[in-house]
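All remarks here apply to the structure that follows.
Just so it is clear, A, B, C, D, E and F label the chains in written order, and each chain counts residues from 1 on its own.
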Amino acid sequence: MLALSTQLNTYLLLGAMLFGFGVFGLVKRPSLIGMLIAAELVLCGASVNFMAFNHFLAPDKTVGQIMTLFIMAIAAAEAAIAMSIIVAVYRNYKSVETQDLADLQG
Amino acid sequence: MSSQALSQNQEVFELNLGPQHPATHGVLRVKLVMDGEYVVDAEPVLGYIHRMHELMGENRTWAQYLPNMGRLDYLSALSYNLGYVELVEKMMGIEVPERAEYIRVLTTELNRISSHLLWFGAFVLDLGGFTPLLYAFDDREQILDLLESVTGSRLTYCYYRFGGLYNDVDDDFLTGCTQFLKRLRSRMPMYHDLVTGNVILRQRLVDVGPISAEMCRRYGATGPVLRGSGVNYDVRKNEPYSIYPELDFDVPVYNECDSMARYMVRMDEIEQSMRIIEQCIAQMPQGDIMAPKVPKMIKPEVGDYYHAVEAARGTFGIRTVSDGKNQAYRMKLRAPTFCNLSLFQEASKGMLLADALAFMGSLDLVIPEIDR
Amino acid sequence: MAGYFKSILTGTKSLVTGLKITQAEFFRKPITLQYPHEVLVMTPRYRGHIQLVKNPETGTHQCISCGLCQKGCPSGCITVRGEKREGVKGKVLVQYDLDFTTCSLCGQCIENCKPGAIEFSLEYNLASTRKEDFHYDLLARLEEQK
Amino acid sequence: MNIQEFYNYFQISLGVADVVKEGVFLGFILVTLGGALMATCSTRTIRAIFGLVVCFVGIAGIYYFLNSPFVSLMQLMIYVGAVAITIAFAIMLAEPDENKRAAKTPPLAGPFAVLLGASVTWALAAASLGAKWMAPAIVVNEGTVTQVGEALLTKYSMAFELVSIVLLLAILGSLVVARSGRDKEC
Amino acid sequence: MNKATITTQLRALAATGMVDEPETAPAPVVEEVEEGAKKKAAPPAPRKNGLLEVDPARKGVHLDVQLNGDQVVAAAQALDAEGMQLEAITGVDWINDNELELVYDYSYTGGEFFRVVVRARIPRDEPNISTLCDVFPSANWHERETYDFFGINFEGHPQLENLLLPEDSDFHPLLKDFKGC
Amino acid sequence: MDINLVYMVLFLAGIIGFAALNAAYLVWVERKGAARIQRRTGPSEVGFAGLLQPLADGAKLMSKQILFPDGIDKPLFMLAPMFAMIPAVMILVTIPFGPVGFGPFADFMLVAREMNIGLLMIFAFASVNVMALLLGGWSSKNKYAVISAARAVSQDIAYEIPMILIAITIVMTTGSMHLSTIVESQAGGFWNWNWLPLQGNLFGPVTFIIFFICSLAETNRAPFDLGEAESELIAGFHTEYSSMGFGLFFMGEYANIVIGAALTTILFLGGWLSPLPASIPFIGAPSVVWFLLKMYLLIWTVVLIRWTYPRVTLWSLLNLAWKIMIPFALVNLLGSAALIKILPMLGL
């Protein structure tokens, strides 16, 4: 039977697809928040890859896990900062649409 | 400032508090403009149970209007009864027998205690504590039982008559009153331990909803609201009526001006009312309960008259214009909570929603009285 | 700093006091009445809807159909009709209707009644889904009492 | 009867467990991809957040299959409990009404995004699937929670400290950015 | 609060606004009442402007001031300066005189028992009077209520909408020619 | 990964049944208890002492129509109640209720599937629970619900911090996140339990109280029920819910109370251990009975607290968390860490 869960390629494909979804969302989303969500997907895609390599290929199986944990910490920090920026931007421009923020490019 | 103009400057949204809302104790609607949890503007919208009592006064005889008085403020109906019969007695020059006066004061003060107890329970309920409400109801039921045994009804009393009372009280009632006072005196420390001293309650009331004495004056606020702002004014003391001048009681005044001060004023008023009742029981003379000569047809002299009494929520005033007929030409009822509520819009600006509701509770609103 | 710890201590103390009170109340007996199983005895002065007083001697009412109760009623919920009959002095009551939906139990009718023909009943458990159930024919109710 | 006997008593070795296991795994993959799709494609921001949460839950399941329940639970705790909630809060604060959000996307963004996303996916997949991955010759450790913890405090302690500084700075920075321009001090 | 100051100020105010000859002040109010009582059911004739000191034990107020419609604000300012509070505003419809009367009740809450009532009559056909909202904020609701019941237009009122009656009502129930709706 | 299917399924069913039964009968306990506190009788008509009342209520709730107000986000509206219930069940899966303690299966552990990082699992799923409130409140398109969701979330996040800090202290002193190990490390009578400061936990009783208060706040119970403050926000995030949607939120709330009490029992009150030394026969034996006894005692305290205090405001709630609890928890963490290092040096 097809044992998907024991094959590295499944995870790699999943990671690639998540990354792709993230890139797709980053371009497509009109608002800062949508882009933030897409960025989280990109990070998740990377994490999945790390974890997969860690499980199947790494001799020291702590490395990938620790990498993923660091990514999580960075993602949390990123989300906090992004949120504060979004709130600040909204307060000044009354919008989080990227089109409306063209004057930020000053 | 209209809400549209506001919303351009600030992140605001409108919230309709009521007419059906657990915190408004009736059908009051407050149009809130909120900035997050903060109240930017709160406009009370009245009139959901408006019954045009003033027009009823113009097409009923003086005696027929009497039951309406119990329907204004259903929680302290006897104060309103008292104000009205005293006004008519003033117009007609009727002397009321002393026993009747004592019974009137006794029952009014009992009614005041019951009103304050209900307010106490409902106020703590507004703050989220449910149990004190039922303890207060327990005590209040005793008062209602006592008053029922005299007046026959439990809430919308119609007990006083021009020149006296509907019927006399008996010794059972007086001993019942004494027992009740004993009971309530033992319960008051429990209330203070359970509620007044509670740190959560204090956090919610101290320094919340400050109303200065000047603001009270500009808005015509009276009653515990005024006394919680450090003004020593009580119609019973300052414009004495009935037999209040012969009784020894204090007017509780607190200078903190916050919700806690209003709370404490009412709790102390319960104690003072108990003192009044004790004196009434001790000093009550025997005798008639009706004035000997009460005209069959009440036709006051032409002119206009004003009479104010201290109801549980503040100064209740009646201004009436008589054209000499058996019906009033004009009957104006000055409801205390109407004025007390009118300061809500200014005072609640910038408050947290929870604080605004605590503040509204501390004003002790009775909607039928506001809407009349 | 001392104030900080003191406020924490006093606050905790007040909370514990509250808990003690409610826990003590928990062990006390309920004071409520289980209504359909137990009923209260109404005080003699209880104001139910009005009813005609039964004269113990004659077994009938004492109303002279003067209509003073009808006139005095603030909300106009009483309809009294009497008619002249031969051989009887005064008017004979043929109809005494009470619209209890508008009655405010003020007692003006009872005070106005010279012969003392009406009184408050002690009935309190009146409930119905129909408004018409509260249009009482007091004469018929007096008959039922017999 | 102790617990092991109980286990053995009910032990089923028919391979049913494997089928169920694979089914659950497939379910997690579908949940992940469905969540990702919802997060990127839905028009309402709240649904995008929800999709993100679903995707995170799916990924947590995947991590569990990768034999590291610790990371899986951390994924739930940090991503769902913190990141997703933070983003949701950002929406609450910054997008009070979603109705005005119509098709503001530039006309070419849609196709272009699809194209870009697909090509990135294809490139990555091709690269990773095409490569020859070698299984490790020796396994130093199994990556248990204890080993992860020890590694964090010994081998990677510098990185660990740096991450904590990054987090601290992020907190301070977001406080500064979010508070500036707020006139009402509270 | 100084009773004498208030009395003088209000008396002066009433005197300046007088169109006809001044009412002999203090007019014994009892006489007026008796006169009215003799006529039995006839409503009292419109009073002239002026200030009466009346018996509070009988009437409930100390000073009874009648002014012109345009003087109520000045009176309110004078009373405000003395620390009085506005208790109520109401109207009376004197349909026989084709006039509406505005009644302003003031009281003092500082200690002493002192009540003042200020009246003004305005024509029934153009019921306009200036608002007291700028002096006493409590006038806001009282005036809206009076607007509800009498249709009196308070000029300069910030929000003259129905308060107690429904928003869309166009009747004024306390006018004597109101026939129900 | 050896998944023993039958065992899992049996226990999962058991756990869901336990959660549902607890939810139903905790409602009864709460109503009856509140009634007695308020000198009333409480439910008394359906069954003896109203014991069948929860079933009647449940039947009524299920027969009600599910209402979908205009403008709601329907899929999320329907999913939110499940998000409230599923994490609760998942957490219950990992909680060990202890050995039976008597009879032929005396050593048999009552636990569905214990993980060696059980404590982390509990906190992970507890943080998912917040999403339920957020989604439920937000998808309702009701301003009260939105305010309530914002409140509930900020409250939950604020109280997660001291809770986790204290849990970390316990993990430090015990050296394990395995719940059974944490319990077993407290063996030897009640003076060895973590709520007393005898084991390197600096402010033992204080941390116990803080943890308990945090668990109250995390489960949105009075006096921290800001999310459904009925005198302010009507019913908060579940204002628009009817029928089983409401029922699931309700069950989730009570399941969370059970979890909070169970966790406090495990971490501080010695779980299934007897308060007396194990050498005493029968009473001294560890048993699930002890566990349930302690847990329900805590739950009763929760009920008592709800019916005693008024509700706090959002600001004083957050002040309590940030100004009192977090400093205490932090000092406790540092102090305990120091103690762990110092005590062995002193030879203790």
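A few points about this structure:
The rule we apply is simple: a contact is a pair of C-beta atoms (placed from the backbone, for glycine too) under 8 Å apart; a residue touches a chain by one contact, two chains touch by 3 or more.
Computed from a predicted model, the values in this text were never measured in an experiment.
Counting only chains that touch, the fewest steps needed to get from chain D to chain F is 1.
If you take chain B and chain E together, no chain is in touch with both. Each chain's centre was taken as the mean of its CA atoms, and the one lying most distant from chain F is E. The leading chain pair by number of C-beta pairs in contact is A-D.
Work out the mean CA point of chain B and of chain F, and you get 44 Å between them.
Centre-to-centre spacing of chain C and chain D amounts to 69 Å, using the average Cα coordinate of each chain.
Spacing of chain A relative to chain F, judged by their CA centroids, is 33 angstrom. Each chain gets one centre point, the mean of its Cα atoms, and the points for chain A and chain E are 73 Å apart. Along chain C, residues 15, 18, 21-22, 25, 31 each make contact with two or more other chains. Residue positions 21, 67, 70, 74, 82, 89 of chain D are each in touch with at least two other chains.
Taken residue by residue, chain B touches two or more other chains at 13, 131, 135, 138, 194, 198, 200, whereas all remaining positions touch fewer.
Contact residues on chain B toward chain E in their complex (touch as defined above): 46-47, 50, 52, 54-55, 58, 87, 90, 216-220, 222, 226, 231-233, 238-239, 301-308, 315, 317, 319, 321, 323-325, 329-330, 332, 334, 338-339, 342-343, 346, 371-372. Per the touch definition, chain B reaches chain F in the complex via residues 13, 15, 21-23, 37, 124-131, 134-135, 138, 194-195, 198, 200-201, 203-204, 352-355, 357. Only residues 8, 15, 18-19, 21-23, 25-32, 34 of chain C touch chain F when the two sit together in their complex. Taken together, the chain C residues at the contact with chain B in this complex read 10-12, 14-15, 17-18, 21-22, 25, 31, 43, 45-47, 72-74, 104-108, 111, 120. Note for the complex: chain D touches chain A at residues 18-19, 21-22, 25-26, 29, 32-33, 36-37, 39-40, 45, 48-49, 52, 55-56, 59, 62-63, 65-68, 70-71, 74-75, 78-79, 82-83, 86-87, 89-91, 93-95, 101, 104-106, 109-110, 112-114, 116-118, 120-122, 124-125, 128-129, 133-143, 147-148, 151-152, 156, 159, 163, 166-167, 169-171, 173-178, 180-182.
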